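In structure tokens below, several structures.
Consider the two complexes below, in which chain A is the common component and chain B and chain C are the respective partners.
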Partner chain A sequence: MFFHLQLEREIELQPKHFGPRLAEILHKKLRTEIEGTCSGRYGFIIAVTDILNTGKGTIRDGTGSATFKVQYMCLVFRPFRGEVIDCVVSSVNKVGFFADAGPLQLFVSNHLIPDDFDFVSTDEPAFVSADEEVRVQAGAEVRMRIVGTRMDATEIFCVGTIKENYLGVINPAAAAVG
Partner chain B sequence: MLEQELADSDSEDDAINALTPAPAEASDAWDARPGRKRLRTGAVAAESCPPHPGFMHGMCIRCGAVLEDDEATGLALRYIHSGLRLSTAEAERVRQRSMRRVMDSGKLLLVLDLDHTLLNSTRLTDVCDEAGTLLDALLEREARAGAPPSLHRLAHLNLWTKLRPGVRAFLEAVARHFELHIYTHGDADYARAMAALLDPGGRLFAERVISQADSQQQHVKDLGVVLGAEAAAVIVDDTAAVWPQHAANLLLVERYIFFPACAERFGSTQRALLDEGRDEDPARGMLAAALRVLLEVHAGVFAAREGDPARDARVALAAARRRVLAGVRLCFSAVIPRGAASPQAHALWRLAEELGAQVADAPDEATTHVVSARDRTDKVLWARQHARFAVSTLWLHSCGVLWCKPDEQDFPVAEQRPLQLAPVRSEAQDLAAAMAGAGGGRGWASKPL
Partner chain C sequence: MHLKAGDVQLLAAAKAVEALPQRDLREAGPQLRSLESLRLEHPALGCSNPRCTAMHGASELDAVPAPYRRLVQMVACAFYIGECPPYEEPPPGTKAPLRKGTNAAFPGLGAITLDALTRREWVKEDELAQQLKVHPKVLRRVLRYLEQEQLVAREHRREKDAREQPKRGGTPASTAGPEPSGGSGSVAGEALDESEDMPRSFVHSYCALDYARVIDVASLRLHRLRRCLKDAVRKRNPVQEYACPACGARYTSLQALSLIDRADGLFHCEACRTVLVDAEDPGGGDGGGGEGARRERLAEAKALQAKAEAELKPLVELLNDIHRRIADGAKVPDYGTLTDWALAQAQARARAAAIAAGRGGGANGGPGDEMYEARVEIDLADSGAARAGGEPGEARRELPPWLRAQALVAAGGALPGVGVPDTGGTPSAVQAPPEAAASASGAGGRAEDVQAAYVRAYQEKVRLREAGLAARAAAASDDAAAPDVKRPRTDGAYFGAANGAPGVTAERDAVKADPDAQAHKAEAPGAAEEDDVEWEEAGPSNDAAPGGEDEDIEWEAA
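Moving on, here comes the complex of A and B:
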């Protein structure tokens, strides 16, 4: 799920940047430091959308650098248990398959793949339905429900299921491209 | 619920309130913060947990429950994913399932070693200038020839790698009848690089590349990690000692030693092929023999019906071995010390029996071969008088290595001095040398034991 959050971060700037472009450099630094990172609390910080307040800088003794408390709005992506999410299959093996949803990696075990799907490894490894109509293989787009999330300070990992109605491959065409 | 979770999370931020209430089940996912791992059973897919079939980064792969601690139980499958572990029961379930799947598609599992089996690698720095010149010339010759080269200079790994002649054709041929796995004591980078050389299309091995860090025990390879049922698996390796549990699955191959540094390591009297200026003949070499045996094993397994004990790769392998010298009745001369307590325990006696030959103490009417270490013994003279084969011990060794009966005329009994054999080395020494050679001598495996 995506959220639009207001967060705060201290940014340190060297004295050489103190000048007319200070605000611009500060914003740029915030973006490079924060976009694309993952926090155990909020999830993946996808993009900074707005900068609300940079506050007054405080000069640090000894170094001459200044720190700014920057308040900003950002888009975060955080998976929840029970959430339904669309992903792209990245690899398939006999234990299950891995998929990506943007920066998030998910795993679906063969317990949570419908029983009429069988693992085949001739050619491209895939889980294939009994009627051979549906193939879960690298590149396919899959809709799954998140069964568990594991969030650490810098990493999020999920396990999911496609063993429910309306879940499973939603775009087999992507498989040919992948 | 969400508010409660947030309230006791000593949250200083209002930002979090911006999170709209998530679906009911989602709320307890919130406390997956470091230091707050609780065991919870899942509401979404509680099929039959516990027992949990396996864990991904400490989270059940079926119900999503998070383990109290990262208890390291079960079987780690790092080659599939660094965080994946399966319970013993689940591993067995996958093993049985994959055996059924593979056999339903008319295939068996084949586990292939890399070093000295499919190829030979050596560090760039272990090649002397003279050999380096030869290698550069060969490299250039192969580049000009246009065919896929067998010699590779991998600067990023600091390695020269020489593929065993005919290895690509061998892999193509066996892949039609087996699901292929690589299992090496080299490291993961090395394993992947070698897989790319052997199988540039990535079709033959897929994710089934197992390297040193994936083994449960140092210096031991284990079919458990392969998730292959023993009845459906054949192993091709040059080192028997790394497979203590699976001798019955092993097709032992003669070492492919191309680089001089490797010949030294094994202390063999045999010189490296590079030094001799020659290479194995793909049509008559070890891989051709191995292919023949593998096809025989495959045919043997699938000729037996479901439920028949002969529908087992181990049984078929032993049967193929016994056919090598079927119908041969031999006796030894000048091989086993006179008056030895149990001549049957002698390595050559056992080898002959393993190959399906009958062995007798003395020549008789039915004797077909006299295997002798010296010429002009009574038994050798008897053989000549009675038009039977008199062959050197090397003949029997060749039968054992190549799984066929080579032409007896090529193995006359040695004229005077006994055949010079390589100094006898213990299995431990051999294992140490094989370990040192794994991955071309890179990394931990190259350290002396």
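Moving on, here comes the complex of A and C:
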């Protein structure tokens, strides 16, 4: 699930950047530092959308660098248990398959794949339905429900299931593209 | 569900059951096994089990509506038709623990007991055992189990068994039932006299069905059972567990990223790199679990679920019916606690007796009578009469052990100076029961001489003390010119003075409350003071140290 949050962070700027482009550099540095990171509390910070206030920098004794308390708006992505999410299968093996949803990695074990799917490793490893019409293979777009999450300070990992109604492969064509 | 307020026990039980079915069918084993033996036939009384049909044919009580009784019977047939408590297989390699009491199996006793309880209210367990023709220990084990299962309410009372109360001087061997103190011979007879005189009391257990709880428990159990079966069919725990067969480490699928080996596509142990196996299906091997075995298990679970649903249908319908009744305002039969029930019974009996315009409800040995009597037992008239009658039981209780023998000898030797003191301070305990005295006099002559000498010395000492006390009393009488009702009297006219005084001490209140006892005391002061508090008497109490007396007097003067 995505959220638009106001957060705050201290950015340290070296004295060489003190000048007319200070604000620009500060914003750039914030984006570099923040975007794409993951916090256990807020989830993945996808993008900084706005910088509200940089405040007055304070010079740190000894180093001469300045720290700015920057308040900014950002878009975060945090997975929740029970959430239905679309993702792309990244790898398939006997124990299940891995999929990605942006920065989030998910795993679907073979217990959570419908019973009529069998693992086939002849050509490309895939879970194939009994009528061989549906193939879960690398590159396929799959809709799954998150059934378990593990959130560390810097990493989020989820376990999903496609063993429910309206879940499963939603775009097999993506497999060919992928 | 209509939980009783503050019903912690049921919640605890619910939690215990909550924890139960998390782990697949293995946990549901006992319940499912009993389901296998389920023989519910609708709409007949419950089951087609021959043992149960026999017991269901019994007469029905009007007090408990039929659905509730039928519920209990159905629950009994559904879940307690087997061995009760269920025999637990010991872990392999360990010796089976011996059951307390007997190792014999009593299949169906739980159901029989529950059914018998539907036709009774509070019932003494021993009587129930007699009626069911089982050993009380076996029945108690069953009832304890049923109590743990929250179906049966039990209460334990310490009761004086009328058969166990020996008459004074009667031989204890004549009493029936178990003798905790053992058959004491005449050698230790004197030492054990006191314990034999005390009325023997035994703990009696009563049990009754708790219908409200039965409904709750049955609902909860059914709910959990169905959920357990449902979970077995549709796996509830989505996070798969994997175990390392080599080092025993366990992982979950949440750690899949760190476990997966891209080379072979299997999970490997982080420590020993062994291929992990499914923790719930270790036979499946190679990290994925046996797909065929899993499906087989699922099919079994589905079949079991369907079977359970079909067989439990009558019970579920009955429960729904009962819940509907309760929602409509019907009351669940409730006997209340044993005390409440017994009091209600006693009152009902009294009413019935009053209606019959005859004698009062006779005591027929039921628990209600005893409890009712226990309420009105506090009667000073009895104790007063006992004192006036020279009943030595009370005095004897206070007599120090080293004087007991002397008292017996003194009574046997008929020493009048000791028995009838002038100040009333002499312990009346010397008036020993004649039979005891007779037994004492029957002892060897040498012992008697020694005891007589000892008593003479004791008597002399008593006289000296009385003389001293008389002097003090004379001195105190001067102080008594200013009357102080709160001051304990030391003279013999204590009771006469206390009669007119407003109730200032508990003792005086008691005396005042009972004029008969007071009259008795006035007539026989020596006998009346035997169990008074010592500080009140301040007489020549034998066991009071002189120092203590002095303190008493000082306190009095202060």
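Quick notes on this one:
Everything below uses one rule, namely that the second predicted complex is superposed on the first by the 178 of 178 C-alpha atoms of A that agree within 3 Å, B and C clash if a C-alpha of one lies under 4 Å from a C-alpha of the other, contacts with A are read in each partner's own complex, and residues count from 1 in each chain.
Rule of thumb we're sticking to: a contact is a pair of C-beta atoms (placed from the backbone, for glycine too) under 8 Å apart; a residue touches a chain by one contact, two chains touch by 3 or more.
If you're wondering where the values come from, they're calculated on a predicted model, not measured in any experiment.
When both complexes are superposed on chain A, chain B and chain C clash.
Once chain A of one complex is fitted onto chain A of the other, the partner contacts of A:152 are limited to chain B, with no touch recorded for chain C. Once the two complexes are overlaid on the shared chain, A:107 sits against chain B and chain C alike. When the two structures are aligned on the shared chain, A:7 is found in touch with chain B, with no touch to chain C. Between chain B and chain C, it is B that contacts the larger number of residues in chain A. Using the contact criterion defined above for the overlaid structures, shared-chain residue A:41 touches chain B, although it does not reach chain C.
In the overlay built on the shared chain, the residue A:120 is in contact with chain B alone; chain C does not reach it. In the superposition on chain A, A:83 makes contact with chain B only, not with chain C. Contacts of A:96 after superposition: both chain B and chain C are touched. 91, 93-96, 98, 107, 109-112, 118-119, 125, 147-150, 157, 159, 161 are the residues of chain A that lie in the contact sets of both chain B and chain C, per the superposition on chain A.
Residue ranges on chain A touching chain C, taken from their complex, read 91-96, 98, 105, 107, 109-112, 115, 118-119, 125, 147-150, 157-159, 161.
Across the complex, chain A is touched by residues 13-16, 18-20, 22-26, 28-29, 32-34, 42-45, 47, 53-54, 56-66, 77, 80-81, 83-84, 86, 94, 97-98, 101, 105, 179, 203, 206-207, 227 of chain B. Looking at the complex, you find that chain C touches chain A at residues 235, 238-240, 252-257, 260, 262, 265-267, 286-289, 291, 294-295, 298.
Residues 1, 3-8, 40-42, 78-83, 91, 93-96, 98, 107, 109-112, 118-123, 125, 145-153, 157, 159, 161, 163 of chain A touch chain B in their complex.
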